[in-house]
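In what follows, structures are represented as structure tokens.
What follows is a pair of complexes built around chain A, which joins chain B in one and chain C in the other.
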Partner chain A sequence: MAVIRGSMPSFELFQPTSVDAALALIGRHGAAARILGGGLDTFDALQDRVVQPAALVDLGGIAELQGIREVGGGLEIGAMTTLAEIARHPIVQSQFAVLARAAGAVGSPQIRNQGTLGGNVSQSTRCWYYRSGWTCYRAGGNSCFADTPTAVNREHAIFDLDRCVAVNPSDTAPALVALDAQMVVRSSRGERVVAAEDYFLGPDIDITRMTILDAGDLLTAIRVPATWAGAHFQFEKVRDRKVWDFPLVNIATAMKMSNGIIRDIRLVVNAVAARPRRLHEVENAVRGKPRDAATATLAGELAIKGAQPLRHNTYKVALTRNLVQRAIRG
Partner chain B sequence: MSDYKLIGHNYITPDLVAKVTGQAKYAEDVRADGMLVCRLLGSPMPHARVRRIDASAALAMPGVRAILTADDLPVPPVAAAPSPPPAPGTSPAPAARSGAAGEGGRRGQRAIAVDEHGQPIGGAAPTPAAAAPAGTLVKAEAALTMEPLYEGEPILAIAAVDEPTAVAAIERIAIDFEPLPFVVDPLEGLRPGSPNARREGNVLLQGNRIVELKWTDADFAAAALGQLPAGAVPDGDAWSFGDVDAGFTDAALVVDESFVIPTTSHIPLEPRSAMAYWQNGKLYMHCSTQSLAQSVPAIARYCGISPSQVVLISPYTGGAFGGKNPAYLHVAIPALLAKKTGQPVMMKITRDDEMNIGRSRPGMIGRAKVGFAKDGRITAIDLFVVSDGGPYGRGDHGSGARLASVLYQPKAMRFRGVGVLTNTVPRGSQRGPGMQIAPAMELVISKAARTLGIDQVAIHRINAPAGKAPVGPPQRDGSRRYVTSAFVKEALDKGADLFGWHERKAASGTRHGSKVRGVGVAVGTYSAGSVGYDGLLTIEPDGKLYIQSGCGHLGTNSVFDTTRAAAEALDMPWDKVVITQGDSTRNLPWSCSQGGSQTAHAHTRANWAAGLDAKRKLQEIAAKDLGGRAEDYTVGGERVYRTGAPGRGLTFAQAAKRAIDLGGAYDGHELPSEINAMTKASATALAGRGLMGVAKDTFKHDGDTMSFVAGFAEVEVDVETGEFAVVDYTAVVDVGTVLHPRNCQGQTYGGSLLGMAHAIGHRWVYDRHYGLALARRFYHSKPPSLLDAPRFQWAAVNLPDPETPVGVRGVGEPPVGAAYGAVVNALVDALGDDAFRRTPVMADSVLASFEAGGKPARGALAFHV
Partner chain C sequence: MVSRRSFIKGAIAGGATVSAASYLFRNSGAALGQAPAPGAAERLLALNVNGQLRHVDVPKEETLALTLRNRLGLTGTKVGCQRAECGSCTVLIDAVPHYSCSVLTHSVRSRQIATIEGLASPTGALHPVQQAAIDQQGFQCGFCAPGFIMATVGFLKTNPSPTRDELAEGIAGNLCRCQDYDKILTAMMSAAEHARRS
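And now, the complex of A and B:
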């Protein structure tokens, strides 16, 4: 049957006002339901008619999912808190600046006013083959169109390629991993709390989704522990346009220093693989070392070990190396 | 010029409030009782034949009213009789071709010949009509097709009670396709044994004939790595003047480089939605268009009816950039569906549709071999260009060569080009078509400047056109055409000052942390005026001046700005002027096609002519009533009075009443014979309302009117990330007398940003194995955003063009190539001569070149990546 794009499919819209009501709705509709945060990832998938859910559960009316609360020196951020609110929040700015900067680097002011933190970390890939409705692995098919000799894959993965070469495009995800944030997930079966690092899935684990969220799961909050409050933070994002653009590569760093020595560090890059890539090996290598050019060089080289660039994205290797060096060098 | 009260002064255009308050109604805002909505179904393949359409399930759905396919379209009446290219020296082609009335395009006027997109027809002197034309005659592009030639080409449309129903119905249609061979890269299409984009061949000639042209393996093998091979080209696409060989022999330096230029879509923010209904045998069409008067006959042609059956309502257009001129052929879809159903039909064009059927600028590979004397003077240019014609076009190489010939004033030049058909989106003129040759030429020129130790500004200055500078290929008699005037050296000098060229240049190349800066300059040009159109106005008994404007309101405001010439001629205060535009029933005069930056020139002339006509009539009436000769009377202060005796005169209101009493020519009951039929009909309808000024522009005009811009750019590149910014940009325009400074500045900024877009990010991307487009959304195709815009500075040379009464030339297109070239030169300055051989330059190419020690990705002449 003919394929046409650019038109909202029909669906039933639900606007619950409590998490329990939302859970009941998504429990009832199962895989036919789709959760609606700010809609920025959802609406163009709907408009392209690539997804056609029977029910849309809009979280916009649930007060308990909104806002930023201080909890024991850390923060609990409701999943529906907008990126703009996070970027301008005084405590996020003063204590967890890496998150403020990451949220502030997303898309454009309009996108940040509408996009939510929960949605931003749960968004799907922007691989243009997948998003255009090609029947690739991620869409349940049996090939990857972005990894053929003629594919245009400048924006694709250089790490952990496993059939699918799509990347996670989120700016806030690496910042949350760097801060060791905890994701609070609820379903009708109860609540579980998962480290941000474990929230994201690569194609080796599940090629059709990017997070651990199952049908019936709701991300209710993101907890940022006090552990890294006030540390040295860096966030850098490289993109083609200064606004309205996803990262080519981004990097989030949290670092504790004393006397010029790196005491502890978490270093995460995104848009280089299907999930944010925490650079454990680099962290281990630079811990205890001075923050200088030599350490930076070492870190840069370690960071790109095992990179497997595609035809059009070799530059991402140099870019990742340089961004890591810069993060260490300061 | 400083005596003008209106020309050269800022004012608030009459559309401002409607636009900023959202009251302005665009085509898609229009509603009518019983209105249906139609949507298009595009081809899922790059080239196929539709074997069978089964729409039975769709048509059986409640709310679905009709289907339209290619079979329902009118047979194009002119397919068998392609018009020959107009001879140089004739008036603009659109008028001659559009069929409404030929007078607008009468021979004998010296003006630049432009095609229906306003693109100058700058080909070689026509070869004498001898042998039967080569190739297969094919039909022109139609609104719907049974043999789609690109992904997204519309096959059918469904009209239903609402959009969701139309879309759901389309999803129930079954189509049986026979896939056909395709090609997305023009250079690939020239390889021996490669598939052709169309069954008839791969190269479109003038007159809709298609031939097959393949280069040999030897042609490809002869080219050095990274150089464009130079195989055979069609006859009409080659010309030369001067002694090219001697030019190279005598040169102190010869630089020879190939460069890949992207295809870019026009992306007007208003897509080409259109709403149509029929009443009393007439088609009422609401759509967006670049040109109002000229779109009436065009719409008639698209719909297979006569111009007198078309009512066009188009008071606002949300951008066009060359892609809606005149209107667009898809207006036939709602028109014919409305006829079929007897109900109004809104054709909704989505962004996805617009990316497909909206036009795109042809990409190119240009190889420029240029010889330079020691002082930087260009001794010879040998330019070879392959352009991407898309499925229906010829490409922009001819126009590009013409622009190069005037910009750099070579003593000798040879040009060869070929436009190759591809199964990618249809190409059309985009603001400054041909300007995309800029990076190919500029890269070579700035490289030569560095090699010869000459300043970039100096090398542009020594080669700059001045006065009645020659332009284009030789004509039949061997002579070359020339421009009306050029003040490029003045623009370069003024720009260098304003920009602070020398200080910035001194600082360029120095590293601050990971940042390095570079500066670049380039000159851009484009046609900037035509002649021979009509002006129409009345001074009515209420004392006001009513000016009819047949121009389209495409956002440039020339529809209003040009009327100021009429008011100026009559010394009429602006608050007493009422402008009528935007609706073909409202008695508008014949006007130029709004491509090729013609309007500001063409319609200041036409309005000036109408203003002078009214002025003469005022003087004659005063002389009749108050004695003496007409010349004894002065027009000013809303009166006509005896010179030296201001008390003896008539107010405009009184004169208007007297004109009505006198009748005849005074109130429009007798009309000049040379005006166009559309103007005549409009003037006849307005006759008796007051004193009429109506005239055709017959002012003298010698040369091709072209405008020029000198652009200066500074970029800052982060060598660790490849990110860069255009931090500063200065443009100095040589556009004759500045008509409306704020608008001129706005046009310069907009045009410059479009030019920069080609340098810094805007792109089309195809998967060549599947022939399908990937960069369908703005975040893929990456036109620059507001924050990518540099700090802008603007100035004008402001010297009147001597070949037009108020000295005004057009400004819309010349800024584009200047900015493109200047930014490329600035990037080369920052990154090194060999850092890149294609645009857009983006973080990846910058980093890749740094990683490779300043070398470009050689051997990669591929398109659409």
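And now, the complex of A and C:
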């Protein structure tokens, strides 16, 4: 399994200036093409030969993919908008603070200056067996190297294990699911709009990809509806270091309160499964209940029902429970 | 005596030979001077570095850090991890700090690139952040210094009078292997003060 590291493989580079031109290019090259957003996930994968595209389609020159627009009380965020721009945007901060905080918790300042929202939600898993070029299920093989008696799996999944135990590492993904965002996906066949919750795939549906994006698809924008504008938000990310690290567990909460009662809530944790995990059962249980310690305890216990920790990640069960309790209790 | 630096600069002066030889082992025809595929980027490009237009011949897969060091002789930009994980290659692109190891040279064709070499004034007067690093003896081995200084210059453009905590967060994307963070922060805080006064 010799993998050449540290040097970039060669590829042909295309720099279209419109979405239509980009779609024509990825349509023409099919599976041999890879989309280049900010590049932080891509260059890593290229240097480790996890992906070996013949053609790279750089979206950096496409103006229509940039920027944040106000649309009917909500926002439409171009997929190439940087995380730094989202984190400091006044409306994101005042109306959709959970997204501002999530974007501000990604990587490091330089990474946020370059990394994009589209790239952050569409990035691949960080499972180091997969990222080191092992021929695991996700890479088209027939075993999982992270789920063996001697495997190092401290960062892996505790929910929905299905052969692959890798997790989705995105910080903005749970925030977008909590905000009930819509993902705008274009291909040469037209445009489709998918709820953020349905944008991500678990291994039970497709073990080789993390999102619904197929060859020829391009995520062009993310629409944040007005539904949760100004709600009570919370975002927490637990990681080993304050900078650079991906989440061990993160949690995004949107809550509407009146007279101390939880009227409506969306609660999403990530880095515990291959896709952001929306806690429907917890949401249903706490709706209509007061925001107190008893409700928090109930929520915490419900949140970890069905957890199947691996050898080295049992701590994620307690962490998830405590984060959910804290989100409810405030 | 030939110093390491003059040797590197000499090798860069022999540019064409070096650039051809170092890419010969690559298997793509694109790197061997063939015409690009229809619609693909041209290898020849003009980069705006420190206010000067520099013409270079760059393979598609080359990152800005390597172009700056190996083709333009700007070895002040250091390469540590090549993985967006250490910050020593930090440069400003349109006044915003980026890891130049994780930027394709071809994607910054029309942008303004600033490296540590461009900070001092043409008369030789150091930039306030450089001067503060010297005055406060902010660095030990200094390998991370160009990255820290560029990150600070970029951060101070967005927040000219930060608190120590804000500055620490602003330049958190840079590592120092000597663990000299406290002195670096002190130096960079005094840099902010110098910059405000000048």
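The rule is simple: the second predicted complex is superposed on the first by the 327 of 330 C-alpha atoms of A that agree within 3 Å, B and C clash if a C-alpha of one lies under 4 Å from a C-alpha of the other, contacts with A are read in each partner's own complex, and residues count from 1 in each chain.
Basically, a contact is a pair of C-beta atoms (placed from the backbone, for glycine too) under 8 Å apart; a residue touches a chain by one contact, two chains touch by 3 or more.
Just so you know, these numbers come straight off a predicted model, no measurement behind them.
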{"item": "Touching partner for A:Glu12 - first (chain B), second (chain C), both, neither", "value": "second"}
{"item": "Which of chain B and chain C A:Asn259 touches, first, second, both or neither", "value": "neither"}
{"item": "First (chain B), second (chain C), both or neither touched by A:Asp58", "value": "second"}
{"item": "Partner chain(s) touched by A:Asp44 [first = chain B, second = chain C, both, neither]", "value": "both"}
{"item": "Which superposed partner A:Leu319 touches (first chain B, second chain C, both, neither)", "value": "first"}
{"item": "First (chain B), second (chain C), both or neither touched by A:Asn142", "value": "neither"}
{"item": "Greater chain A contact set [chain C / chain B]", "value": "B"}
{"item": "First (chain B), second (chain C), both or neither touched by A:Leu248", "value": "first"}
{"item": "Residues of chain A that lie at the interface with chain B and also at the interface with chain C", "value": "6, 8-10, 44, 108, 242-244"}
{"item": "For the chain A and chain C complex, residues of the former touching the latter", "value": "6, 8-16, 25, 36, 39-40, 43-44, 46-47, 55-56, 58, 60, 84, 107-111, 113-114, 242-244"}
{"item": "Complex contact set, residues of chain B against chain A", "value": "39, 41-42, 44, 163-164, 167, 170-175, 350-353, 514, 720-723, 725, 761, 765-770, 772, 774-780, 782, 784-788, 842-845, 847-848, 850-851, 865"}
{"item": "Chain C residues within the chain A interface of the complex", "value": "26-28, 30-31, 36-37, 39-41, 59-63, 82-85, 87, 90, 96-99, 102-104, 106-107, 151, 155, 169-173"}
{"item": "Chain A - residues contacting chain B, complex", "value": "1-10, 44, 49, 108, 126, 128-129, 132, 145, 148-152, 154, 236, 238-246, 248, 312-316, 318-319, 322-323, 325-326"}
